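Just dropping this structure here.
For clarity, chains are labelled A, B, C and D in written order, and residue numbers in each chain start from 1.
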Amino acid sequence: MAVIPDLSRRLAAEALGTAMLVTTVVGSGIMADRLTNDVALSLLGNTIPTGAILVVLITILGPISGAHFNPVVTMVFALRRDIEANASFLYIVAQIAGGMAGSLIAHAMFELPIIEVSATVRTGTGQWLAEAVAAFGLVFTILAGLRFRPDAIPWLVGLYITAAYWFTASTSFANPAVAIARALSNTFAGIRPADLPGFIIAEFLGALLAMALASWILTDQKPATQALNNLKGAE
Amino acid sequence: MAVIPDLSRRLAAEALGTAMLVTTVVGSGIMADRLTNDVALSLLGNTIPTGAILVVLITILGPISGAHFNPVVTMVFALRRDIEANASFLYIVAQIAGGMAGSLIAHAMFELPIIEVSATVRTGTGQWLAEAVAAFGLVFTILAGLRFRPDAIPWLVGLYITAAYWFTASTSFANPAVAIARALSNTFAGIRPADLPGFIIAEFLGALLAMALASWILTDQKPATQALNNLKGAE
Amino acid sequence: MAVIPDLSRRLAAEALGTAMLVTTVVGSGIMADRLTNDVALSLLGNTIPTGAILVVLITILGPISGAHFNPVVTMVFALRRDIEANASFLYIVAQIAGGMAGSLIAHAMFELPIIEVSATVRTGTGQWLAEAVAAFGLVFTILAGLRFRPDAIPWLVGLYITAAYWFTASTSFANPAVAIARALSNTFAGIRPADLPGFIIAEFLGALLAMALASWILTDQKPATQALNNLKGAE
Amino acid sequence: MAVIPDLSRRLAAEALGTAMLVTTVVGSGIMADRLTNDVALSLLGNTIPTGAILVVLITILGPISGAHFNPVVTMVFALRRDIEANASFLYIVAQIAGGMAGSLIAHAMFELPIIEVSATVRTGTGQWLAEAVAAFGLVFTILAGLRFRPDAIPWLVGLYITAAYWFTASTSFANPAVAIARALSNTFAGIRPADLPGFIIAEFLGALLAMALASWILTDQKPATQALNNLKGAE
């Protein structure tokens, strides 16, 4: 009987976390874009808050829901049977709803129309490859982090996204729920709704590739504590 | 009999910490504003020092006073009966006095008039919503952090404020004592005294909302160590 | 019999890690260079992602291969007999191949010709001294880190490179495999192939110097836990 | 008999650490200044490397010498009898010599005259107050950090200096050995030799004030582990 309130808390944590993540991504994009004409500086003003809030959100909500905030991550855990199929579906609904709410909150704070439709074109093979690379790296980081240093996951994800905002040509959305929410904002962080399918498909493919690699490279290893002693690369 | 000197040390720690926090917020704002015409760069030069000093101050003064440095945080702990009402009142007095001193020190270093009255307009529903969101996030971060990772609180607060400076339309004051001190500085970080009440009310409302959410979502959970094993989102 | 798959995983980890490192160095350089005309901002947009991804990659791949990603580091461990000569040769091959792949991936994402030849001149005694200093600092950081705080190595290396990008006149390549890969990219991070030998020789010399210093200054010390108690500098 | 080699290693660590610190301060200042005309961006390009290298140097050399790198810090430990008077004198000599070497190395890398005399005026009551505040904060951070979280000292000092570069009007030299070395560089980080005495006196006064405050506020407290449980500010 205790399972239902537990699931409701988990779903609330997923919605809250995704909302705060999107508020940060969209809000800091608006702030940066208003304050400067230098686009690199805008991206920096978008990157640092996003990386920082990810460390916070995963630390404080991870113990409740696992802090997925991302349908691609939930799918990977569902395929690994770390989360039951039923809950995973509800997780994704909560993430999408939370992400949309996050976009609305950012718009309300900055006194923009509550909902917009983004006109920012983000398409083409370079962008799709970038999203696949971004999601590959994110999922591999999570799976390898869980294998060797689960306590470090909040930092690993925050730092990975900090880097991926710059090394991918797409600025690393890497998250279908966040991508949908960003389609509702015609600001720095926006994406044209017509470009969503390409991004989302690429993200799922990248995630599956990371899962395949992880299932090979992370198995048949010595336990984490012993492996840490190997840090010097000894045989 | 040992209680009175102990309380005096706690109050000194609150005053010192709030002073150093305000010196950082106001001083780095003056420095950044003098060195560049790009406002995004000024905000970055204001953000990085503020986030960094919060990690330091909470780590070194937390063991003495709890490192509130913020009347909203003290109110929350008083409502939770984590601090007695009498001490909480003195904490808030120390925070306001320390904050004012911090503003004076920053002005003296930069050879400005010791006390100014800020003329920076910060008002309107967007700004008030932003302050409520900022304080909500700060208090929720602290309460969830205390529940799951109390040793990580300094980093969580530093990183949260780093993000909130950018994702809120108000640059996240989130602290009535700091807001009052900033009203005494007609520089980058200033706020017109007439705009203080709106900010302070919004901050208290955001904090109460965070407290209400925390009282539901953080209860009836498994202990932290066990919950960490759930990081993968397993049932 | 289990050794061969183990070595194959280690080599895959070295190739993957060096590839992701080069994708980050080259990709973030392209991104930053496209978004701004201010070269200091480009270097900042190159520095922050590189430092961040190093913390991630060393944390998640260190337990598999030791996370060298750098022929100079592999050479040092081979000289110390921490890795057998045979494996060390294969490590270096994997690093160079992975680095080249990383450059290709960055170019594909940003829709540039897959392979370019860099025309960026980086030569002269100042540059060579800078590379020797960069590699000296990197190797000494790793050896002293392994001696006193092996768990902190990912952060130490990420922070060291963050600093060295700015304090060395060469922006701290400090890695022959990454240097070769960067010769294949005519972008912000590139280096003219003719300038590679000078860089690579200087890097090996700096590494050997660090090894010599470490063999003296790190020996005959008290164990790490006891030494930590000496942090105050007591006799 | 084992004491003399031990002291020689400690002195080498102090010289090496101060040299690398000054190379970073001066070198990153030259790099930033060459790449941009925006002085705030130059200061950021000076701040981030300095904060990063401090975390590294204190972590890897702290177990050998205590990682003072600063005559003011050595004086404080000598007054506390944490280091014998004789060694403290040699420490300060090693720091000054190492700092000078660091300035030379930076100049050699950037192909400047090996020794210059700085012409940068840094004087006046605002600057002196700033240096006193900077050294006060640094020494108090170290003493309180040693009291409650000695393992966190590298991060605390790195983050403190990151903040102090911006919140003090003097950009926080806070270190006589580094100040002397910076007088030998007519670049971004320089200081006119005639202005050294004012800076150095202010730094020692700030340090003594921090020591006095620490001797009151850090005593008669409960042990650190118990105090951590007080993080909520409970009586």
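Everything below uses one rule, namely that a contact is a pair of C-beta atoms (placed from the backbone, for glycine too) under 8 Å apart; a residue touches a chain by one contact, two chains touch by 3 or more.
Note that the structure is predicted; figures quoted are calculated from it, not measured.
Engineer: So which chains are sitting against subunit A and subunit B at once?
Structural biologist: The common neighbours do not exist; no chain touches both.
Engineer: Once subunit A is fitted to subunit C on CA atoms, what angle does the rotation have, in steps of 5 degrees?
Structural biologist: Roughly 90 degrees of rotation.
Engineer: With chain centres set to the mean of the C-alpha atoms, which chain is at the far end from subunit B?
Structural biologist: Greatest centre separation from subunit B goes to chain C.
Engineer: Hey, how far is the Cα centre of subunit B from the one of subunit D, in Å?
Structural biologist: 27
Engineer: Once you find the CA centre of subunit A and the CA centre of subunit D, what distance in Å lies between them?
Structural biologist: Centre-to-centre distance between subunit A and subunit D: 39 Å.
Engineer: Out of subunit D, which residues touch more than one other chain, so two or more?
Structural biologist: Residues 38, 41, 44 of subunit D touch two or more partner chains.
Engineer: So which chains end up touching which?
Structural biologist: A-B, A-C, B-D, C-D
Engineer: Which residues of subunit C touch subunit D once you look at their complex with the stated criterion?
Structural biologist: Result: residues 38-41, 43-44, 47, 51, 124-126, 129-130, 133, 137, 140-141, 144-145, 147-149, 152, 155-156, 159-160, 162-171, 213, 216-218, 220-221, 224, 227-228, 230-235 of subunit C touch subunit D.
Engineer: For the complex, give me every residue of subunit D touching subunit C.
Structural biologist: Residue positions touching the partner: 2-3, 5-6, 9-10, 12-13, 16, 20, 23-24, 26-28, 31-32, 35-36, 38, 41-42, 44-46, 48-50, 52-53, 55-56, 59-68, 74, 77, 80, 82-84, 87, 91, 105-106, 108-111, 146, 150-151, 153, 158.
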